[in-house]
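Just so it is clear, A, B, C, D, E, F, G and H label the chains in written order, and each chain counts residues from 1 on its own.
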Amino acid sequence: MSQEPAAKKKKGHVTVREAWCKGCAICVEFCPEQVLVMERGKATVAYPDRCTACNLCELRCPDFCITVSVKGE
Amino acid sequence: MSQEPAAKKKKGHVTVREAWCKGCAICVEFCPEQVLVMERGKATVAYPDRCTACNLCELRCPDFCITVSVKGE
Amino acid sequence: MFNYDQYLRLDKFPLIWCSGCGDGIVLKSLLRAVHKLGLQKDQICMVSGIGCSSRLPGYVDFNTLHTTHGRALTFATGIKMARPELTVLVITGDGDATAIGGNHYIHAARRNIDLTVLLFNNHIYGMTGGQVSPTTAKGKKASTAPYGSFENTFNISGLAQAAGASFVARSGVYNPVQLENYIVKAIQKKGFSLVEIMSPCPTAYGRRNREGTPVDMIAWQKENSVPVAKAGQLTPEELEGKLITGILVDIERSECRAEYQKLIDRLAQS
Amino acid sequence: MFNYDQYLRLDKFPLIWCSGCGDGIVLKSLLRAVHKLGLQKDQICMVSGIGCSSRLPGYVDFNTLHTTHGRALTFATGIKMARPELTVLVITGDGDATAIGGNHYIHAARRNIDLTVLLFNNHIYGMTGGQVSPTTAKGKKASTAPYGSFENTFNISGLAQAAGASFVARSGVYNPVQLENYIVKAIQKKGFSLVEIMSPCPTAYGRRNREGTPVDMIAWQKENSVPVAKAGQLTPEELEGKLITGILVDIERSECRAEYQKLIDRLAQS
Amino acid sequence: MSFRYEIRLSGEGGQGLVLAGKILAEAAAIYDNLNATQSQSYGPEARGGASRSEVILSDEDIDYPKAVHIDLLLALTQESCDRYAADLKSNGILLVDQDAVLTTPEGSFKVYRVPIIQMARDRVGRALVANIVALGLIAGIAKIVSEKALRQAIEARVPKGTEELNLKAFAVGLEHAKTLV
Amino acid sequence: MSFRYEIRLSGEGGQGLVLAGKILAEAAAIYDNLNATQSQSYGPEARGGASRSEVILSDEDIDYPKAVHIDLLLALTQESCDRYAADLKSNGILLVDQDAVLTTPEGSFKVYRVPIIQMARDRVGRALVANIVALGLIAGIAKIVSEKALRQAIEARVPKGTEELNLKAFAVGLEHAKTLV
Amino acid sequence: MSNASQQRVRVLTGNEACAEGALAAGMRFYAGYPITPSSEIAEVLAEQLPRYGGVFIQMEDEIASMGAIIGASLAGSKAMTATSGPGFSLMQENIGYAAMAEVPCVIVNVMRGGPSTGLPTLPSQGDIMQARWGTHGDHPIIALTPFSVAETFSLTVRAFNLAEQYRTPVILLLDEILGHVNEKVELPKDGEIALVNRTLPHDPPERYLPYRHTESGVPPMVSFGQGYRYHVTGLAHDESGFPTNRASEIEKLLDRLHRKIEQNRDHIVEVEAYEMEDAEIGLISFGSSARASRHAVRLAREAGKKAGLLRIKTLWPFPDQEIQAYGDRVKKWIVAEMNRGQLAHEVEWALCGRAPIHRVTVYNGDPISPLTILNRINQLD
Amino acid sequence: MSNASQQRVRVLTGNEACAEGALAAGMRFYAGYPITPSSEIAEVLAEQLPRYGGVFIQMEDEIASMGAIIGASLAGSKAMTATSGPGFSLMQENIGYAAMAEVPCVIVNVMRGGPSTGLPTLPSQGDIMQARWGTHGDHPIIALTPFSVAETFSLTVRAFNLAEQYRTPVILLLDEILGHVNEKVELPKDGEIALVNRTLPHDPPERYLPYRHTESGVPPMVSFGQGYRYHVTGLAHDESGFPTNRASEIEKLLDRLHRKIEQNRDHIVEVEAYEMEDAEIGLISFGSSARASRHAVRLAREAGKKAGLLRIKTLWPFPDQEIQAYGDRVKKWIVAEMNRGQLAHEVEWALCGRAPIHRVTVYNGDPISPLTILNRINQLD
């Protein structure tokens, strides 16, 4: 299984490359922390603080739109 | 296996259609009673009396040359 | 004495095959099987590709179709889909069926379409003079494998099984009665049935590989056949180089044309 | 954060694939696998056929070859035989590899030639608008199966195994990390390696079969995947409609180009 | 004198413009006894998502089925408006969705800005039927195909069970058109 | 004046006539510096068993590689003799195996009857080398290719290890020929 | 669809009209492999054929599709397949088989831009020489080229009629424009369509020669399973259908194969003359290019130029005589086509220098526009 | 073989000479599928290639063979396949790919009687139009036709040179006679053979355009794995090799594909004139038919007739100019070929009615005999 255990709750920084986003909502639905929402057909970071850098959104975005970095790294 | 047991020793009558015989010797070699021999490149019935009508020669002649009938039938 | 002549085109004889070629032996088993089943000649359609074995249909008094190399199963599929009432027999070689025709082979098996395939495996391209085939064992020589073949081979029967065939049997010309029985069963089976038949080619294979006379090649089958039941008890090493014979697959699986008929019937009702 | 850009032809973005198409997810797993293995871009040759999935090579900064429909494996075989030092990856779809390309598929597996095949199985012909494929389940709809498909399907992985592949794994886009790991193993394997990847097509398959959103289709994989180890403990009925994932085959078998090299070396000595 | 009337329906994939074009053509050809052709452009191989649908109407044989001098252009997106307006005749008609298309090109053609998608959503209840609302507008503005024929064509062509919804959409567009001309 | 000499070697498959033809051609072309072609007929697809092998010799380019007017015909079977003798020139040579060919056609050509196969069996020890015995006969009768060239060609072409046997067969044929002419 | 499909006046694409025409012609067996821009033909038939009790099967590739329709035809069904360039290339071997074994069948090629994968969604007319010469060996072929959706329907029916009448594969060449354009069609009622079926033999089975060298060149044909039990092969064969290597038999076979088409060419060949009575500038064109050409003729006539169009409906056998008939009157010719001059080459051959021939060739994926042709006409003055 | 194979004067069949020529040309990759009468080419190479460190592989069919040689060529090997009619038909799709993607390779077709399975062991020249038009779409091709075993060697070398120089598939057309006849050949020494290799780019990878519209029409070519990492596709593409649907780009591509052959035609096209200086009766022929023709010319000259032969070595691009050059002097032409007049059709087109053209066509499996041609010459008086 792909989920890496979120061992010690990391803080993440997630961004969306809007130009390439096709609005499939995969990132939104598979984010365990509901960080992302759909807005006018594009994924948007709605609750950045919740992000744990688990990377699940990034791994599954088919369009290379999402980058996740661990805060402080 | 194809050999039918030669239950009560039947008597057979075997003939070779020479015109089609290509001389492969298959009939000769697989006849358990050595009824047939090769002669000038063709199979020939050399010892007709030994034939038990087991049909093994007929079954394996690739060129439809051989007929076997049970004597008296 | 079985009367072959009733099924033959005698004016085409003698057969074109070489002296000692196994193909004629298979032809005879086939005719006895057809007779046993009481099939009408008119109701049989025999389709072949290109190769020595594929010349067989020319000799039998059925509806006969000699197609292009590797494509017999596609023509046969058209016939069966169009006229399911015909008994469709396919004659093919190891090269015809599994080299150039490999795709049609696996798809006909997948569809489990009601065809009976007699695959003459002589481990060589006979007709074209002895080139390497997907069943030429590693190390064996062929005109295009002068140093011995360096390629792995197909397990033809296993491939048909994996693709979806519902009946698969393997036999050889040493055993013409067994062969006849398997052909009977294969035709009876509603679905894609394969009989893989070891039919020696003394000319293009035997000579180059020093396999001896036609008799030697047939005798080899006698010595090396292992019935499938017994094969289960042997180790892979013991089975190395052996010929596993018997009925390898016999399962029930939905048949292509019958499924299509269901669709027609369903639409006719609605 | 993994840097995909180093492997991409960014000027070709955005990808042509539909919104929610699984193929982009696979592409990412692939790039991570390539990176993990430390492969040089110059040493990778990526070959595809025709289809949505087969457009993938256009986006990666390798030596890329977009061939004819169904024939990727033949071009790849030429490359590998000519330049065994190149890592040759083949990108193909269910139609490309197992419909029109089925023969090359089984022959490449038979030869066990050292190619790594990523087979994008979306159970449909995506590129041409949703026609039935050899993997479209019975009863499922397609533009050429408006009443639901009436044909049996291939077990793609099983077919590769029967033909002679030395590594076969199955995974899906729900599990991009597993996918990445299998791709790593497949590339490492010296021989014919197949990764069968369930990559949903929401447009041409999902819509017609009411499979919901792309998210629904990916979630389906989550619900229905059964690891191969566990599958062994379930009955066929329990496995009906499930997706068996895992490494299905991992054996040692002689590899085609290596065998040929032995011949060259042998002749050079004599 | 014969006439030839060229209509281009443009927007993005999924907006039902191919269907709308087909309905227009059927209305004209089957019910109004005109000649009509409809065609669309495809993306890289036919993976759906045609963004352009063209209808040519004439009272004689239509030799050339591609639009050359457009009489009426419908644009449901800014991109399609920008891309296709150039082919509009000088005295042609440009009908745009007023929310999606913010700027229209300069030209001597007549521009109608209508909140088409919003009308579909708010007054018919489904944004999806914007294509049929647009047909209503075209019927009312261009008057090249009869209202009756369009209604018949809509009924015959839309998915079973959605006839009423679509006829309502048509009525909404048509009605609005009457306020414009 | 240029010359063209046509030889047809005929019999049944397995008698080595293709090899014999090739040796003849090589002897002429490589060692005697003539031009030569050799060709054979095939059965239904190339399953071996060519029953006819033709060699054309000339001191200039050979334009047409098929035999038309045969100068020398070798026939090792009755069937081949019957079939091919018709193409023989009126002053040509017919060389037959006297045991296999019982009747030869009428004609103004010269007929040589030699127990070729028997000579191979009895005097060389292998019926298989009848083809080379025949080459010896041809060398001695027709004198169109030099003995030396033929010996060289035989050595170069026959399977390794059989050179001596074949040279002996050649000598047997050649010797016998000298008793004929 | 159901509602509209009852009507006789309909708006259909060329692909749809082709499928409807085939059904009307009695086609009951379709085997194919999807390819843009032909796939809709298969899609309509997948829906319709089972309703007619006919067979639709999607095969594993185009080679198999061609094999299946030959098999089905021999088994007695009118059979067809449809494809585009790449698939058409793959079918060539079996098309040659159908020609040699004289099996009636129809192959539709909806042409797209080539060579190779080329331009899958854009039109071309680049496969017309391939239709003639694509398979190995010398063989005759019939190829038809409709120019409208309505004519696609009628020429599809005709394709089947010719296939049956002459025991031959018939190729129907459409192009992407025609395949995909929706257009008004008035479908004939069922009874209004003249259908031709293969000629049955008068001979009883024992005297039946499936490849008899008849006067018409066409041997009667009986389907498998009807008690005649004959042999069919792609090898050169004698009248009985069995392989032969005899030069005289081979020559008779190949002569008859050609003769049956050539001596019936007047029945097979169709062209349509448009404003040709007094034309001094003659256009020659076919398929969707002929539409642009006809439009150009109209425009030219409006401008007072004596232009006309000879539109080719039967491309093979080539309408050389029909073109030559105008050879002395027409002063200048223009051949308009979506390729690099394949038809023009044949026209040049047919006219043999009798008048200058100018080319309008478009091969960049755009359709030919009437104005392009008009410009060419204007340049000629 | 070993002994004889050291010698420079040898007796070889055309098939053997073809294999030897390929090795001499630097061919190091052969993929093929057996077929009569071409199989000996594969058989020689199966034995020889591993000795050269090259690759011989028998593929599962002809489609795969063609795919494999394209792959090998892109990977840097000079590559070839050999087949006969049925296999040639199956290769057509991938031959078109090689033309479109500009991949050098050589395809040998040893022609046998067609159509279909036809006459596997008998000669024909029936695939010459297929060599030009067998694949879909408009594309250029080079096809060479040797007439002797010696020339089979040299034209095989030339085929590779042209393939490399012009980045194109080159077709070598032999026939069964040539393939199987044993004939004297004097093989050149290794150093005596001029070899051409594909032009490498001067540009560094980041500026490399694999489909650049160069002046010569031929873009430089670098093999996979050499640090250039470009994209190859059979779709219409721009100079960078990536797919495009833009009409202007498509047109430039197709124009260049043709231009690179057409503007270099004088280098590519070769004919041989024999006794043509004062000829009034001109024969045109190629391959083994040209041997019979040359013989007929000799016989005719002996009888005092002014006959000559124009022998075609490069069939495509067609030597129209070379033929036209004699147009005013030669009074009558005879085209001799083993098919039903394929070459004659092209000659008619080229000569455009300038002189009558007579045909000698033999298509029954027999070779054309010199006397048949001589008779035709005599009839002309």
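Simple rule for what comes next: a contact is a pair of C-beta atoms (placed from the backbone, for glycine too) under 8 Å apart; a residue touches a chain by one contact, two chains touch by 3 or more.
As the structure is a prediction and not an experimental result, all values here were calculated from the model.
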Set of chains whose contacts include both chain E and chain B: none
Which of D-H and E-G has more C-beta pairs touching across its chains: D-H
CA centroid of chain G to CA centroid of chain H, Å: 30
Distance between the centres, which are taken as Cα means, of chain C and chain A, whole angstrom: 58
Chain centre separation in whole Å, for chain H relative to chain C (CA means): 39
For chain C paired with chain E, centre-to-centre distance based on mean C-alpha positions, whole Å: 61
Where chain B touches two or more other chains at once, by residue number: none
Interface hub residues of chain C, defined as touching at least two other chains: 18, 66, 68, 99-100, 102-103, 107, 127-129, 134, 147, 260, 263, 267
Contacts with two or more other chains, residues of chain H listed in rising order: 36, 39, 50, 60-61, 63, 86, 93, 97, 116-117, 120-121, 233-235, 243, 245
Of all residues in chain H, those that touch chain C in their complex: 33-36, 39, 42-43, 46-47, 50, 56, 58, 60-62, 86, 116-117
Touching residues (chain side chain C, partner chain B) in the complex: 1, 4, 8, 13-15, 17-25, 27-28, 173-178, 202, 213-215, 218-219
Interfacial residue positions of chain B with respect to chain C in the complex: 1-2, 19-20, 22-26, 29-30, 58-64, 67-69
Sites on chain G touched by chain E in the complex: 3-4, 7, 9-11, 36-37, 39, 120-121, 177, 180-184, 288, 291-292, 294-295, 298, 367, 369-371
Chain F residues touching chain H - in the complex, by the definition given at the top: 21-22, 25-26, 29-30, 35-46, 61-66, 68, 155-157
